[in-house]
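In the two assemblies presented below, subunit A is common to both, partnered first by subunit B and then by subunit C.
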Partner chain A sequence: MRIGVITFPGSLDDVDAARAVRLAGADPVVLWHAEHDLKAVDAVVLPGGFSYGDYLRAGAIAARSPLVQDVVQAARSGLPVLGICNGFQVLCEAGLLPGALTRNSHLHFRNRDQRLRIERADTAWTHAYAPGQEIVVPVKNGEGRYVAAPADLERLEGEGRVAVRYVGGNPNGSLRDIAGVTSADGRVVGLMPHPEHAVEELTGPSTDGLGFFTSVLKAVVSA
Partner chain B sequence: MDVVLKPEISDPQGQAVLGALGRLGHTQVTGVRQGKHFVLDVEGTPDRAALEQIAETLLANPVIEDVELHLPGA
Partner chain C sequence: MSVDTVEVAAKTPDDEQPWAELGLRSDEYARIRDILGRRPTTAELAMYSVMWSEHCSYKSSKVHLRRFGDLPRGEHLLVGIGENAGVVDVGDGYAVTFKVESHNHPSYVEPYQGAATGVGGIVRDILTMGARPVAVMDSLRFGRAEAPDTARVLPGVVAGVGGYGNCLGLPNIGGELLFDACYAGNPLVNALCVGVMRHEDVRLAKAEGVGNKVVLFGARTGGDGIGGVSVLASETFDEQGPAKRPSVQVGDPFTEKLLIEACLEIFAADLVTGIQDLGGAGLSCATSELASAGAGGMHVDLDRVPLRDSTLTPAEILMSESQERMCAIVEPGKVEQFLAVCRKWDVLATVIGEVTDGDRLTVDWHGERIVDVPPRTVAHEGPVYERPMQRPADLDDLQADDPAALPRPQRPEELAAHWLAVVASPDGADKTWVTEQYDRYVRGNTVLAQPDDAGVVRIDEDTHRGIALSLDGNARFARLDPYAGAQLNLAEAYRNVAVTGARPLAVTNCLNFGSPEEPEVMWQFAEAVRGLADACRDLGLPVTGGNVSLYNQTGDVAINPTPVIGVLGVHDDVRTRVPAGWRAGGETVLLLGRTRPEFGGSAWASVAHGHLGGRPPVVDLEAERVLGELLGALGREGLVTSAHDLADGGLAQALAESALRYGTGARLGLGSVTADGDPFTALFSESGARAVVTTTDPEAVRTTAEWAGVTVTELGTTGGDALAVDGVAELPLTELRAAWTATLPALFGTPEAGVGTVPAGAVPTS
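Then we have the complex of A and B:
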């Protein structure tokens, strides 16, 4: 099982994401944003960081990179894609996921261990969890406030597209405590918190994040 | 080109500026919305439709932002 991790100029968490992939039992494959080469991977992770320095809007320039255009195409035919933090911002900017991430309502960068509820345990990236399961993983962002037009929010809730929700306090003012959303087919998931930072007892607040990476192994095999 | 957050999207930066203005005694200001201003050098006569497309595909995120185009001499 080969899972690609895309590196952009300004990515920070690509190495941690690759490590999480390895701990989950898959082979991480380094992908470079400027190349039109997905290297025949079975799934793709867009990691956290500050691609292009967050210039213009967080994720905006990375979303127009050559490889992300390929990811958009491949996702439309079912390639599992996970966007974490800046990767989530990129997926929204690329139009693969609905909504947008904006400046935190309190204007502070917020870095803490965060409790989350898995709302959808049937996506490619979350079915290792039980529906409604609560997990703790780090959250760290300055522009993580999820927003969408009121009508779009209603539609997303109605379609069950909210994959992960903040519980025990909303770290950034996200509408309806939305921490992550999924595509209609459940293959593309984006979230602001960092499951890849919670995969080992030594360095994380828990190992709760590993489930995102073990989920996709089964998703690819059963696809 | 001016890119501003849609009216329904809250603007915490603008609110922080409003708070600072209030502390400086400028209490007549009742609202601040912060945006971005782009100056584009264009070959030939600027084409409104082409510029609108540029705005929508990169300079603005239509999910959260509106664009105001200001052509020279217009």
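Then we have the complex of A and C:
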């Protein structure tokens, strides 16, 4: 099983995403933003960081990079794609996921251990969890406030596309406590919190994040 | 506009030059004329003025700092003082480089950018050594917490440290946040960076090999920070002075992140023979230091430097402190490959000159020679002063003002009130308001971070080897006795590293003092250096480098002497690290070390009485060493479940922090802590060489400690949701937590209502 991790200029948590992939039992494959080469991977992770320094808007420039155009096409044919933090911002900018991430309501960068509820346990990236399961993973961002037009929010809720929700406090003012959303087919998931930072007892607040990476292993096999 | 060339200078010896405005003394200017045999050109004058400033030349501190160079190198030191940062062997072929640097004056003028570029500068120092930067720390001091100007400076500084470090992908693993009126016009922003490499990857800043190319890479050169070194860092602030905002540099962490990745790829492919970052004094510093350290000379065509502002004069280009720039010496055959790596990372790189066989540094501007100097005279042979020194006139009175005379809390409810006051004071309070703005997780190797006593970072995922770092500086102790104070600060940082189970290996420092032209300040400085050097010798630790920040004063009032000391330790296996917090009930709480009635410079005297006087606690380095070794052994053997250093606020502060970390209380008795059973002394004394540990095997700990010769006092048992201390108080953790956590948000705004504290600056924030 080969899972690609894209490095953009300014990606920071790419080494962490690769580590999580490895700990889940898959082979991480380094993907370079400027090349039209997905290297025949079975799934793709867009990691956290500040691609292109967040210039213009967070994720906006990366969303137009050569490789992300390939990712968008492949995703439409079912390639599982996970966007974490800045990766989530890129997926929204690329039009793969609805909504947008804006400056935290309190205007500070915030890093804390955050409780989340898995709302959808049947996506490619979350079916290792039980529906409604609560997990703790780090959140760290300055522009993590999920927003969408009221009608879009209704539609997302109606279609059950809110994948992960903040519980026990909303760290950034996200509407309806939305921490992550999924595509209609459940293959593309984006979230602001960092499951790749909760994969080892030694360095994380829990190992709750590993499920995102083990989920996709089964999703690919059963696809 | 005509350019002042060497030729012109030789013909016009009597032209008036603005040496005084550039911060040079008349004898220094005369010496430059002696060296050159003529008047300097405008560009040369600019170079000498910035390089001979206090900040770059260490002209007042050099004679004292030699004490550090005279220490035994020890078996672990790979590169010592003199390079951008010292390098220490931490085993298995790994080398670690770490250094702390001040950005005090810029942070007062422009808090966000001053602090941000402070982080940027120290990260480049670490990168320059060949290492991958792996973590940062910050040691911050401001005026009184409730002072209006603190509310202006602190939020910007914190956002700047976070904004830059977060965007670089470097975890912030700890530091300090302290308040004192003496820093009101002169906050201290000291940033530490630590990097890791293999032994064979160490790089040095020298220009070798005639014909090798000089490559400038990174950001374009602009007008920011011109004269920052000589004007800002070496001059005190006073109310009449002009606004100096334009002299502060502006940072771009995205460019620095690209610079880091490009450099590491360049190092891996072995494409450079020497490298230097551009920090204070910019190109003047980088070119003269590279040439001075090498065997030959150097020539630079200054008009090749890519500019952000085409109107800059040659002198301004030489002095510019634009951030995110590096200078490399590259063999001609490797230049193309070097430039290709830079292109991959979108890093601008330009060949601006080459290494020559002469012994001169020459700079041309559109074909005309504007600099022709012996580089050593610029970089390494600047003026050196033996400044006059005098013991402060008020020191005898200060030391005689013994806190023993202060009224003490007697009744249990008084003791409890004082306990809460110390814990809830701005210095003692929970620092989450700050640390939530820092990424502590990125890179996935952070094993411990603030609020633990030291930051612990894994450096090898297979062998589990790791390092521990602490940064400490109690300025109250140093004010009362700079010799002992510096030693106590070293002891605290040493202890903080040791409580995690690490073996302390090496020391760095950032020495923040007032004006060296004041004999009393110079005496404080010399005493602190002497104290630190003597203590390092006793503990067998080398000083790997450091930074001196002088002129930290407003008008004629200097800050308290503030030697901030960093200690690096090594963990052979980070899985055995010991955290500071209590996790489980039913464990035995033990106090290691002896408690004496020592309140001089204590947090209690400061919080309860606003008092600073008497003598600081006794320094007992042998006890520190024995305790450190014991803590290391207890950690490795897995005999303790937590360990917390006792320092500011004594046992009162330590117990509160350990209990609140995971919400585990304890039932304790303090009657055996001192011979007379006085609970006040037990709670608030700040005697050194002490730590609180918890264990499930008290007999084993007791045996090991007694064998080592460390006094053990059983305090009680963890459990419950209160700190219940016989005869003192039963403090519910909810009440304690409310007091501890409320302070900083009340002063600086809860993040939810933080609209008024948006920092200046356009650095990205996601």
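Here, the second predicted complex is superposed on the first by the 223 of 223 C-alpha atoms of A that agree within 3 Å, B and C clash if a C-alpha of one lies under 4 Å from a C-alpha of the other, contacts with A are read in each partner's own complex, and residues count from 1 in each chain.
By definition in this document, contacts are C-beta pairs under 8 Å (C-beta built on N, C-alpha and C of every residue); 3 or more make two chains touch, one makes a residue touch a chain.
Owing to the predicted nature of the structure, the values given are computational and were not obtained by experimental measurement.
Participant: Applying the document's definition of touch, where does A:A60 land relative to subunit B and subunit C: first, second, both, or neither?
Facilitator: first
Participant: Which chain, subunit B or subunit C, is in touch with more residues of subunit A?
Facilitator: If we count touched residues of subunit A for both partners, the winner is C.
Participant: Just checking: does A:R117 make contact with subunit B only, subunit C only, both, or neither of them? Give me first, second, both or neither.
Facilitator: neither
Participant: Go through the superposed model and pick first if A:R187 touches only subunit B, second if only subunit C, both, or neither.
Facilitator: neither
Participant: Based on the superposed arrangement, let me know which partner A:H33 touches: subunit B (first), subunit C (second), both, or neither?
Facilitator: neither
Participant: Between subunit B (first) and subunit C (second), which, if any, makes contact with A:L107: first, second, both or neither?
Facilitator: both
Participant: Have a look at where A:A148 lands relative to subunit B and subunit C in the superposition and call it first, second, both or neither.
Facilitator: Only subunit B is touched by A:A148; subunit C is not.
Participant: A:G99 contacts which: subunit B (first), subunit C (second), both, neither?
Facilitator: first
Participant: Just subunit B (first), just subunit C (second), both, or neither: which does A:N86 touch?
Facilitator: The answer is second: A:N86 touches subunit C but not subunit B.
Participant: Of the partners subunit B and subunit C, which touch A:R165 in the superposed model: first, second, both, neither?
Facilitator: In the superposition, A:R165 contacts neither subunit B nor subunit C.
Participant: Share the list of subunit A residues that count as touching for subunit B in one structure and for subunit C in the other.
Facilitator: In subunit A, positions 103, 105-107 sit in both the subunit B and subunit C interfaces.
Participant: Which of the residues in subunit A come into contact with subunit C in the complex?
Facilitator: 9-10, 12-13, 15-16, 19, 48-50, 52-55, 58, 85-86, 89, 101, 103, 105-112, 138, 140-144, 194, 196-197, 199-200, 202-204
Participant: Touching subunit B in the complex: which residues of subunit A?
Facilitator: Contacts found on subunit A: 56-57, 60, 64, 92-93, 98-100, 102-107, 147-150, 173.
Participant: Can you name the residues of subunit C that touch subunit A in the complex?
Facilitator: 159, 162-163, 166-169, 252-255, 257-258, 345-346, 435-447, 458, 461, 574-575, 750-755, 757-758, 764-766
Participant: Where on subunit B is subunit A touching in the complex?
Facilitator: The touching residues are 5, 8-10, 12-13, 16, 58-59, 61, 63-64.
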